[in-house]
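Pasting a structure here, questions to come.
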Amino acid sequence: MRPSGRAPDQMRAVTLEPGASKYAEGSCLARFGDTHVLCAASIEDRVPPFLRNSGKGWVTAEYGMLPRSTHTRTDREAAKGKQSGRTQEIQRLIGRSLRAIVDLEKLGEITIKVDCDVLQADGGTRTAAITGAYVALHQACQHLLKLGMVKALPFTDSVGAISCGIYKGQPVLDLDYAEDSDCDADANFVLTGTGGIVEVQGTAEGAPFSQAQLGELLGLANKGIGELAILQRKALGL
Amino acid sequence: MRPSGRAPDQMRAVTLEPGASKYAEGSCLARFGDTHVLCAASIEDRVPPFLRNSGKGWVTAEYGMLPRSTHTRTDREAAKGKQSGRTQEIQRLIGRSLRAIVDLEKLGEITIKVDCDVLQADGGTRTAAITGAYVALHQACQHLLKLGMVKALPFTDSVGAISCGIYKGQPVLDLDYAEDSDCDADANFVLTGTGGIVEVQGTAEGAPFSQAQLGELLGLANKGIGELAILQRKALGL
Amino acid sequence: MRPSGRAPDQMRAVTLEPGASKYAEGSCLARFGDTHVLCAASIEDRVPPFLRNSGKGWVTAEYGMLPRSTHTRTDREAAKGKQSGRTQEIQRLIGRSLRAIVDLEKLGEITIKVDCDVLQADGGTRTAAITGAYVALHQACQHLLKLGMVKALPFTDSVGAISCGIYKGQPVLDLDYAEDSDCDADANFVLTGTGGIVEVQGTAEGAPFSQAQLGELLGLANKGIGELAILQRKALGL
Amino acid sequence: MRPSGRAPDQMRAVTLEPGASKYAEGSCLARFGDTHVLCAASIEDRVPPFLRNSGKGWVTAEYGMLPRSTHTRTDREAAKGKQSGRTQEIQRLIGRSLRAIVDLEKLGEITIKVDCDVLQADGGTRTAAITGAYVALHQACQHLLKLGMVKALPFTDSVGAISCGIYKGQPVLDLDYAEDSDCDADANFVLTGTGGIVEVQGTAEGAPFSQAQLGELLGLANKGIGELAILQRKALGL
Amino acid sequence: MRPSGRAPDQMRAVTLEPGASKYAEGSCLARFGDTHVLCAASIEDRVPPFLRNSGKGWVTAEYGMLPRSTHTRTDREAAKGKQSGRTQEIQRLIGRSLRAIVDLEKLGEITIKVDCDVLQADGGTRTAAITGAYVALHQACQHLLKLGMVKALPFTDSVGAISCGIYKGQPVLDLDYAEDSDCDADANFVLTGTGGIVEVQGTAEGAPFSQAQLGELLGLANKGIGELAILQRKALGL
Amino acid sequence: MRPSGRAPDQMRAVTLEPGASKYAEGSCLARFGDTHVLCAASIEDRVPPFLRNSGKGWVTAEYGMLPRSTHTRTDREAAKGKQSGRTQEIQRLIGRSLRAIVDLEKLGEITIKVDCDVLQADGGTRTAAITGAYVALHQACQHLLKLGMVKALPFTDSVGAISCGIYKGQPVLDLDYAEDSDCDADANFVLTGTGGIVEVQGTAEGAPFSQAQLGELLGLANKGIGELAILQRKALGL
């Protein structure tokens, strides 16, 4: 019934490949089926002006898509001279999601910027980006620990994300592009490894959806992000 | 316990003043306490390229804040030469919320653009904007009806929005700025008059929140948006 | 003969409402008939680079129009990514007009920025803006005086502005939009309360006008700005 | 008493060199002392959208300064990515001044764009630009006449411009940079060859000036622009 | 003597992986040692305005670097709002190089745009991009042939590129980053498969180099591009 | 056979007029036939951030064309809001060419910026710019020497540039616009006074050219730049 033949609560094949970028302090190539996002974490030995002399660090993210990551070519944002509203919305979301599980005081006056670049896009790029960005960020913090720049890993939990939606009336987990462009509702969930809600973004694409359906989607997300948390730990050798 | 002394499930004083803008085809000055948003709907006799010859219309929104609507002055976006990520995120949200309750085929090849400009900001500007924009949009459609440009009002429902949050551990309705800048979690709900979910955006500001808390916030939103729906009908003389 | 039925030397109904913006240090909603401009003065405890360590302060202005302040919608400058030449011309004029009556040494190393935002536009927005901006600026300086940040009010005079024009061959005072878009010549005058010229900008819209006509327009401006000066004093309780 | 030793009503040495640009349809290098402006008129066989099918033409101008035309280097506007408010104000003024003496119906659906580029700046660049632009525009119209693209020259008059000011209490004609940067008031006049006012822009730099002084400045402008009109006719061989 | 231990005329390990991008009509991941460039060709069924109704097609390229492709992070061009001079220079070079070996009349009124995105940068990104872009372009043309949109492949030759330089006085082939940042001169050669020169760009980094040295560098380039041509043919199965 | 009737190895009439800009510390109006470029060198008493406290100076260039320098009008880059790729490519080339013959340590922590503005364009503007920029730069350094800001002139050699090309199968020196727009190949050479190569940029416009032809073009460039070096010395009174 799903175009891919998956069961309603079945995710695509997910692989998280740490260290995919040679020069970054932390990195991860996150593949959710045909959606491939390269996440690279860079350490900067300074913080934004509003945090100077606060003892606190900062974690932020940027997001981009290669012009031909998509089914038909998308114009290059650098050539257009600005980032779209969608891009800005997504990179703000990734940044908030990562900060939700980092103790910025423990990080100290350091900025970690995670670039999430979509090499191939088949739906769910923002949730794949968050899931991979956590791995890249974790690697970068291990690097800081090795260098003695932090005393302990500054994490309070792990974080992962997945999209769910109502497709042909049926709640399903991990929408691919074919489903995403034809669903009734679409919700992105960002949850911690222990099930806390970091962010929920649910949108009715056609008709509004019911409050019960929101609950069902949340249930699917719990399952999916639980599986992702296991893959994240494996990727990090934890 | 709330800085304003309100009960947890008590909204601020809300007034919706239709016709506040002399030249717009539809307008509403929405006041939620000290948050004042002027919503003005403009009719254009054409549609964006992707809808040409489709028989369908379009509803969209823009959002802005006067530089001194805020407690301290914010730089003018026109002077900086670009709209912030936050602005773009909000105007996309308003547009989606309005389109969720409009039958674009009934509208026909017409665009209605609703400008939501914040004259004064004390928290909850995006939800006040959506609530007022619906009134402005409705007025504009009545105008179209009078002119014979549509055969019937193209609405499938009404739409309203409110923010809720967890403030000092307590779920509360309709956050003002003092609460918004100091809460644990913050969720914006956009619901139809009949209780369908159009959009949910919940964000943990500090620690993640639980799935039960999400339910409590949704309950408060149901109450608040129910009250707003009554005010909207009154404002429109329905 | 005038579309509004006014006498040639008759201004529109003018009201100046001080304190119209809750958070600004000084503010004034200036209404000239259907032209409504919200002026908000913000105090900043620093000066532009060219005045650092000079002991002198600075007064400047910004100007904007809400997209649907006008009879038909105007594109939002923030969305277009730049301020038009007209906007820049007007905000430079407002700033010069205010500085002409402020003793910047008495102000000390403080910047006051006056935002003039047009909520509704029926002609004469720049002159309404100057007239209201003076009130907002005065309020802000009273605020500085109360806080002990200045020792005395730094004003050398008051300032007001009005547009005059030659409409159907007849010199008239305070053009509204219907006149403005159909006049032969158009002149904006900025005068001090004691009648000194701060700025004159006269433009032939169709055929050039004579040097005698310039004198007649100046006469009308004297009358109009005299009346405005009385309203300004009342608004400020002087 | 004037830094240059000129009499109060004495202009700088002015030369108008027609044809200074090899490829332009009309051109003039206007030199007012050390102020040198190259004006080049280009013909385009189309009009802006608002004039299409109106039978009317359009005349417009652009203005720029070479970065090192000035005493100390000014940043290049193309490198900064935008034209300053001053630049936009000046090019709008030049365009209005030229259109004031052109019968756009006689011109027909043709656009003439006059580029005024300041090669060297010693005060009064905008008035030199207007004076030279008229010559360039006239040449371009002669070109149109020769090609049979217009039936007659579309001019209703000639146009010239000069700045006057109050320098050390004395009204003087044709300010140079030394005077301009140290005067009490500064007024630019754009007059037709027959003495009609096209544009007056008077600004108090320090204290406001009196209405009598405005009259004296206008008197000086009459003298100066009268002399310029003779030079313009000579340059054009009329 | 070379940091990598390579012989002066020895290239890095080069692999050309066609079809690396799932959705593009043609693609190639070009790896020159640690320099990895993903080239993706997109077909558009239209041409730029200057070629409309000419019967000719167009081939063009865009270039970008992922922010953390480099040893230390580079700011994202989309976030800065413009492409650097370097980026524009490179993408113009890639476009010219490809057009040099395509018969645009045979292509017909079709545009092929090749996006070259650097995933990892260790020197020589522009020459790797050209070499890979040829493979991607060829694939896209095969696709057109299959669809019957062209009657024959529109190539007049193949094209490849390599950088050479004078490193510690010694002419060497295929500079890596360590050499590139420390060489005396640097020359990029774009040659056809039959040895014709498409583009030469030689730059002295320190002291000027001699005309004899230019000849030696050209000799190395002949060798390198000869080897690349073999790899290109293999990648394309020719 | 050449449109101008010149011999294949004959340059256009070249004049280098030092001091053409009154206010610049060094300047030169370079005329290559109908190509006229005004080069103006400005001294700034600071260096870019990457050179602070290095003891080294910096030399850089900017390039622009007056809109009507060209045969048909070109849009003004300041009005379009950005410099084209071509402009950036050229100004980077001019800067590199000048730095190749300056000892930046001898210059000390000073920046010299050379603005090259094309007043009239008949082909070869970039090479005329480099040739004239050297003269302007030299003048500026003489100025520094006079002021005691440098102890000796910081030059290691002189630098000049010329374009050559293959026109109707024949290698020719110093292409004008008629040749440039119709040639088979086009190469710009930047050589020192002693014949060292600073930069070579050869591009096939139609079919690739041979390695032998590159040699012939280099031979012509040697001749041309030799002649330019003599003119440069004369202009500088050396």
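Chains: A, B, C, D, E and F, in written order; residue numbering restarts at 1 for each.
Going forward, a contact is a pair of C-beta atoms (placed from the backbone, for glycine too) under 8 Å apart; a residue touches a chain by one contact, two chains touch by 3 or more.
In this text the structure is predicted, and so the values were computed from the model without any measurement.
Within the contact network of the assembly, the step distance from chain A to chain F comes to 2.
Least step count on the touch graph, chain C to chain D: 1. Over half of the residue-numbered contact pairs of A-E are shared by just one pair in E-F, C-D or B-C, which is B-C. Taking each chain's centre as the average of its CA atoms, chain B and chain D sit 50 Å apart. If you average the CA atoms of chain B and of chain F, the two centres end up 59 Å from each other. Distance from the chain D centre to the chain F centre is 33 Å, each centre being the mean of its Cα atoms. Annotation for chain B: residues 81-82 touch two or more other chains.
Listing the chains around the ring, anchored at chain A and oriented toward chain E, produces A, E, F, D, C, B. Residue ranges on chain B touching chain C, taken from their complex, read 21-24, 27, 34, 38, 40, 42, 44, 62, 64, 66-73, 76-79, 81-83, 87, 113, 115, 117, 119-120. Residue ranges of chain D in contact with chain C, taken from their complex: 82-86, 88-89, 91-92, 96, 100, 156-157, 185, 187, 191-192, 195-204, 207-211, 213-214, 218.
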